[in-house]
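You will see chain A twice below: alongside chain B first, and alongside chain C after that.
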Partner chain A sequence: MIVDGEHVFPGPREVVWALLQDPEVLSKAMPGAAKLALVGDGAYEGSIRVGVGPVTAAEWKLSVTLEDRVAPEHYVMQVDSKGPIGFTRGSATVDLAEADGGGATRMRYHADLQVGGKVAGVGQRLIDQVAKMMTQRGLNALGGELERRLAEGA
Partner chain B sequence: MTRRYVGERVRRNEDHRLLTGHALFVDDVQLPGMLHAAFLRSDHAHALLRGVDVSAALERPGVVAVYTAEDLGDYWCPGPLLVPPPPVEGIVFHEATQVPLAKDKVRHVGEPVAMVVAENRYVAEDALADIVVDYEPLDAVVDLEAALAEGSALVHERFGTNMAARVVQRHGDYRRARDAADVVIARRFLYDRGAAAAMENRAVAAVWDPLGVDLTVWDTTQAPIPIRNGLARMLGLLESQVRVVAPFVGGGFGPKIMMFYPEELLVPWAAMRLGRPVKWTEDRQENFFATTQERGQVHEAEMALDRDGRILGIHDTFLHDCGAYDPYGLTIPINSQCTLLGPYDVPAYHSEFRAVFTNKTIVTPVRGAGRQHGVFVMERLLDIAARELGMDPVEIRRRNYLGAELFPKNFDILYQDFAPLYYDSGNYLPALETAVRMIGYDQLREEQLRLRAEGRRVGVGVVSYIEGTGIGPYEGARVTVDPSGRVRVATGLGTQGQGHYTAFAQIVAEALDVDVERVHVVTGDTREFGWGTGTFASRGAVVAGSACHAAAVKVREKILAMAARVLGAAEEQIDLADGRVAVRGVPERSLSLGELASHANPLRGAVKPGTEPGLEATAYFGPDHGSTASGVHAMVVEVDPETAMVEILRYVVVHDCGRLINPQLVEGQVQGGVAHGIGNAFYEKLVYDEQGQLQNASFMDYLLPTAMDVPRVEMAHMETPAPMNPLGLKGVGEAGAIPAGAAFAQAVEDALSDLGVEITEIPLSPDQLWQLIRAAPGAPLPHLQEARR
Partner chain C sequence: MKPAPFEYHRPSTVDEVTELLARHGPDAKLLAGGQSLVPAMNFRLAQPAVLIDLERVAGLAELREEGGVLRMGAMTRQRAAERSPAVARGAPLLVETLPFVAHPQIRNRGTVGGSIAHADPAAEIPAVMLALDARFHLRGPGGSRTVGAGEFFTGLFGTALEADELLTEVEIAAPAPGSGWAFGEVSRRHGDYALAGVAATVALDAAGRCSGARIALLSVGEGPVLASGAAAALLGGEPTADAVRAAADAVEREIDPPADIHASAAYRRQLAGVLVRRVLPRAFERARAAAVQ
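Then we have the complex of A and B:
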C-alpha cells in the first residue's frame, strides 16, 4: 500500500521538525488512543487501536524507528505493527521544505507499507480509505498542536 | 424382475432428513465436557519462525492447553504423500507435504502455528491474541515464472529450486506435424485460482473412550476410510480402534479429500491427550486461507493444422501452481495434460509441465481437477484456428472428433490412475449435433446479425470435452436384508450431497425387487464399512454403485437359495417380486423377505455347511480403467460493451455419462457443476498480492455467482454405456464445471467479434473484459476509443 501526499503546516520548519520527533505529540496524532514512548535514539514503541471495516478494532503493537535523520528537513520512518488480525510494516519518507518565505513548512510524505494477515484479506477495499483517513486526522492533530505551540511561544 | 429403478426419476431418499433438520453435520456433534479448538495462523506468506511465546495464552482463564510444533513431540511429522508421482519416464518430483504446525518457517498465510484448546471457542479465539510470534519475514514466492527464475526466494530450501516436478509426455512427432502444417496457432493462456467455497466449511470433532479403548472422529472428509487408517497409524492404534464418521457434509468439491489437514490430525490427538472431547469448526475466514484451492496454470500452447482444419499436432508447455506443499502429487497437472486431448484426434502431442512451489495456500483438486485447463487450452486453440481458417467453430470440431468406431482407444501417455490414458467408449458427433439443434445454432447466426444491427452484441459458444471418471482402485458394499424386510446398504464412501442414498438404493432395490424406499443406505462411517477409498474423481456412483450392484446380486442368489430350501422347491421355481419370494404358480407358498431373513438366522437347528447365516453379502468392484464421460456445452450470451457485463441468455448441456441411474440426480450434478463453472469463468478469483497476501478473503470481495447469474440449464442425455462395469455407468460429479470457461470465452468473443477481442485468460471479470474491449484492435465505440487515448 502506498500512502503519498503533501501537507503545508503554518509554522517554521524547526518547530515542525521538533513536533514530529516528540513522542507525546506523535501519540496524540495517532488515532485510536495511541500510547507511544521513546525507547532509544529515534526509536519509539507503543500501541494503537484500529479497526478496518468488518474487522473489529483491535490493539496493535507499534514500533517506529527514525532513520537517515537530517534535521530539520528529512527522515525515514520504519514502521512495524502487529495485531491479532495481521500486521503492517514498511517505511515512510518525510521531507520538510520551507514554504511561504520560511513562515510555513511543506511536508512531503511517501509511505510504502505491506499489510498482511486477516486485515489484508478482509479489509482490502477499505484499507486505503482507512489509511487516508488516519493520515488526515493525524495531520489535523499535528496542525492543532503546532498552532498551540506557536501561540504559547508568541 | 418386475421393478425398474435404475434410470428412473426416484425422489431423493435423503431429502426428508435434510429438509426437516434431522441430518447430522459435524458441527451438530455436542458431547458432555466438550472442549473447543482454535488455530493461530501465520499472517506472513513466507517467514522464519523465530519463536512462539504461548505463556500469556496459558494463563487466560478457560484455556486448557496450548500446543506448538515443539509440544507435539513424535507426533509432529510431515503429512503423507497422498498420491505418489506417476511412473513417467524421466519424471522429476520433489516431495514436500504439509506439517501439522509450522516449526522453523511458515510458507503461506493461514498456515497453523499454534493450537489453543479451551472451554469454548470464544476463549480459544481470545487466547490466540495472547500468543506472541516472532517472525522474520522473507520475500514471498508468488508468480510462477519468477519463482523459477535465478535468485528467487525458495519455498523449500532443500531442493535448491521452486520446481516441484517436471513431466514430459508425448505421442507422435510434433515437429514433423508442425513442418507439415498449413497453419500454426500459438498462444499463451492463463488460468487463475479460485476457492471451492463449499457451503459447509471443514469441521472435526473427536472423543476418546478410555473404557472402550477407542477413538471416534467426526470429520467433514470425503474419504473417511483413508483418514481412519492414517490416524490409527499415527496414533499407534489398531484401525479397528478408530471410527471415522463423515456424516452429512455440505459440499466437498475436492478439498475435503483425505488431506490429513493439520486440524484433522490435531483435534483427535488433543482429545486423546486431554481425555475430553474436542471440536473445531472452520470459519469462512479460515477457509479462504487454510482449505486447499486450485487452478493456477500458465500455458504456452501451439496447434498445427492443415488447411481443412484438421489437427496435425499440439505442443503445450505449462507451469502449474501447487502452492506451498504438494501432498496430492501431480494429479491436477496430469489431468490437464491428458484431458487437453479431449474428444479429438490428435496425431502428435507433446506436453510438458513444471509444477511450482509458491507461498500460497496448498493446491489440491477442486471439481474438475486440472481438466478445465486442458479443455480451455484445446477449445481456445480450435476457436482461434477456426477464425484463422475462416471456418465455423462448430465445423472445426466436427472435423476433428474421434469416430465412434475407434473405441476403446489406447494412448501412450499415463493418466492420473497411472494406467495409460484409455477411452473406454464414446459417441461424440451426435452429442454435438444435438446441442447445435437445441440451441438453434443456425437461427442464432442469423439473429446475431439482426441484433448486431440494433447495436446488441449476442454471441454463441459451443465446446466439447471428455472426462476420465470412475477410476479404481476399488470400492465395496454390504447389502443386508433385515428381518423387518427392509434392506440395508453400507458403503465406505463419504457423501456430500450427491444423492448417494438414493442412487445406491435404486441399484439395490432393482436387483432385489423391493420398494426403493425400503432400502436404507449408510455411507461414510468406517464402523459400518471399513474398506474403500473415497468420493473423488467422479467415481462414487460408478465404483461404489457397481459394488452395491455386485453385493445385491449375491444377496439375490442367497435369497433364491434360501427360499428354495424353506419353501421346498427348486431355485428355478422361485419368483422374487415386491419384497416377497413365492413358488411359481403356488402363491400361497410364499414368504416376505423379512420372514426369509429370520429363517436365514435360526436360533435352533444348523446353518448348512457351505452356507452362511443371514441374507447378507459384501462385494467389491475395482475397474482396470475408468470410464470416459463426455459432453457438449453450448451457451448464448449478450455482452454490454460499455459495462462489460455479460448476461447468459441460454445454456445447453448435452451430456453422456453412460447409463443414467437417476436423471434427476444427474441434472442436479450438471446444473451445480455449471454454476461452479460460471463462477470460475466470470466471478471467482483469488487475488494475491506480490507478498502472497490474499486480498479478497471474504464473500464481500470474492464473488460467487448467485441464482440470478446462473441460468437454468437445458439438458439432454446421451447414453453410451461404459463397457467396464455391469451397469454401464460413467461419472458426472465434475462434468458441469469443466468446459464452462471455454464455452464462456468463445461466446463472449463471438459477441464481440467485430471488435477483435481475444480471450486467453480465465477467470475473466467484468473489469478485465472491459480492459480487453478497450484495447481491442477493432473499432470500439467512439467514447471507448476516447478512453483508449
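Then we have the complex of A and C:
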C-alpha cells in the first residue's frame, strides 16, 4: 500500500523537525492512547490501540526507527507493527521544505507499507481508507501541537 | 470459525435495549440481521463483550404510510422492503436499489436499519438514504431524537449514534410530483461490494427546469458521499446532456476515492462520472413522466 501526500504546517521548519522527533508528540499523533518511548538514537518502541467500525480495538506493538536523518529536512521512517489480527511493515520517506518565506513548512510524505495477516485478507478493501483517515488525524494532531508550541514560545 | 465468548441478551422492548446499552455502553453490540456483524465476530475481528439481539424487540419491524411519509422500523428485512407495495410507493429508489445489495439469502436476514447503523462506505442503503434525505429516529436512555441522513453519517463506519442509542425508525417523504430517481453501480460480480455506485433523486418544476437534485455515491469515500457540486451544476437549468455532463465532471472533481486491489483511485473516479452520466438521464426521464401525469 502506498500512502502519499503533502501537508503544510503553519510554523518554521526547525520547530516542525523537533516536533517530529519527540516521542510524546508522536504518540499524540497516533490513534487511540498510543504509548511510545525513545529506546535509542532515533529508535522508538511502544504500542497503539486501533479499531475501526466493526473491528474491536486491539493493541498493536509498534517499533519505529528514523534513518538517513538530515536535519531539518529529510528522514526515512522504518515502521514495524504487529497486532492480534495482522501486521504492517515498511518505510516512509519524509521531506520538509520551507514555505511561505520560512513561516511555514511543507511536508511531503511517501510511505510504502505491507499489510499482512487476517486484516489484509478480510479488510483489504478498507485498508486504504483506514490509512488515509489515520494519516489525516495524525497530521491534524501534529498541527494542533505545533500551534500550541508556537503560542507558548511567543 | 467461532466467535470469541460473549454475553447474550434478548430484550423484548426498546426500553430494555436502552437499559442494556446504558449498562454496557461501548462493550455492547446490537445484533440486527447479523449479516456483517456475525462474520466479523466469527473472524474475531469484532469481539464484543456483550451482544444485544434485537430480533424479539416488539414494534421494530413495522412498516406504515402516514400522511405522505413512509415509516420503516429499523428491523425491517431488506427483502421485505424490496417486496413491499408501501415502499414501492413511498421510496421507489430503495426498491430499485435493493436487488444490488448482496444476494436474496442475505437480504432475507439483513435489515434496513442494520445497514444504516453499520455505515459501511461500500453499502448501497446508506447512499440511498442520503439521496432520499431520510430522517432517522434514535432512542437513548434520555428519550428520542431525529437526525437527518446528511448529519447521521460521519466518516468511516461513523454515525451520529451514541454508544447508548439505537436506531428505531427510518422516515422517508413520498416522492413529490415531478420528481424522479435512479440507481446504478458497477461491481466485479453481481452481489459483490461495488467499485462505485450512484443513487440520485431529482425534481423538475413546471417549466421543466431542475428544481432539486440529491446525488449520493458509495464506495468512493469514507462513507456515503453527497455530491453537492454536481447538484449545484444541475439546479435551475434544463437537464440537458451538457448539464448532465457538467454534473458528472463536478462529481469527478469533488470525490477522493480509495484504491485497493480491485480498482485504483483514478479508475473509481472515472467510474463515478460514468455512472452519474448513466443514472441522471434515467432519473430525469422519470421526473418528466411524473410531471405529465
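Quick notes on this one:
Everything that follows uses one rule, which is that the second predicted complex is superposed on the first by the 150 of 154 C-alpha atoms of A that agree within 3 Å, B and C clash if a C-alpha of one lies under 4 Å from a C-alpha of the other, contacts with A are read in each partner's own complex, and residues count from 1 in each chain.
Everything that follows uses one rule, which is that a contact is a pair of C-beta atoms (placed from the backbone, for glycine too) under 8 Å apart; a residue touches a chain by one contact, two chains touch by 3 or more.
Since the structure is predicted, the reported quantities are computational estimates derived from the model, not experimental observations.
Of the two partner chains placed around the shared chain by superposition, neither chain B nor chain C is touched by A:Ala104. In the superposition on chain A, contact of A:Arg125 is made with both chain B and chain C. By the touch criterion defined above, A:Gly117 lies against chain B but remains apart from chain C after alignment on the C-alpha atoms of chain A. Touch criterion not met for A:Val76: it reaches neither chain B nor chain C.
When the two structures are aligned on the shared chain, A:Thr56 is found in touch with chain C, with no touch to chain B. Touch criterion met: A:Met133 reaches chain C, while chain B stays clear of it. On chain A, the surface patch touched by chain B in one complex and by chain C in the other comprises residues 54, 84, 118, 122, 124-125. Interface residues of chain A, counted against chain C in their complex, comprise 52-56, 84-85, 118-119, 122-130, 132-133. Listing the residues of chain A that touch chain B in their complex gives 54, 58, 82, 84, 86-87, 89, 114-118, 120-122, 124-125. The touching residues of chain B, counted against chain A in their complex, run 43-45, 109, 128-129, 137, 285, 288-289, 689, 691, 693-698, 700-701. Within the complex formed with chain A, the chain C residues making contact are 36-37, 40, 43-48, 118-122, 155-158, 193, 222, 258-262.
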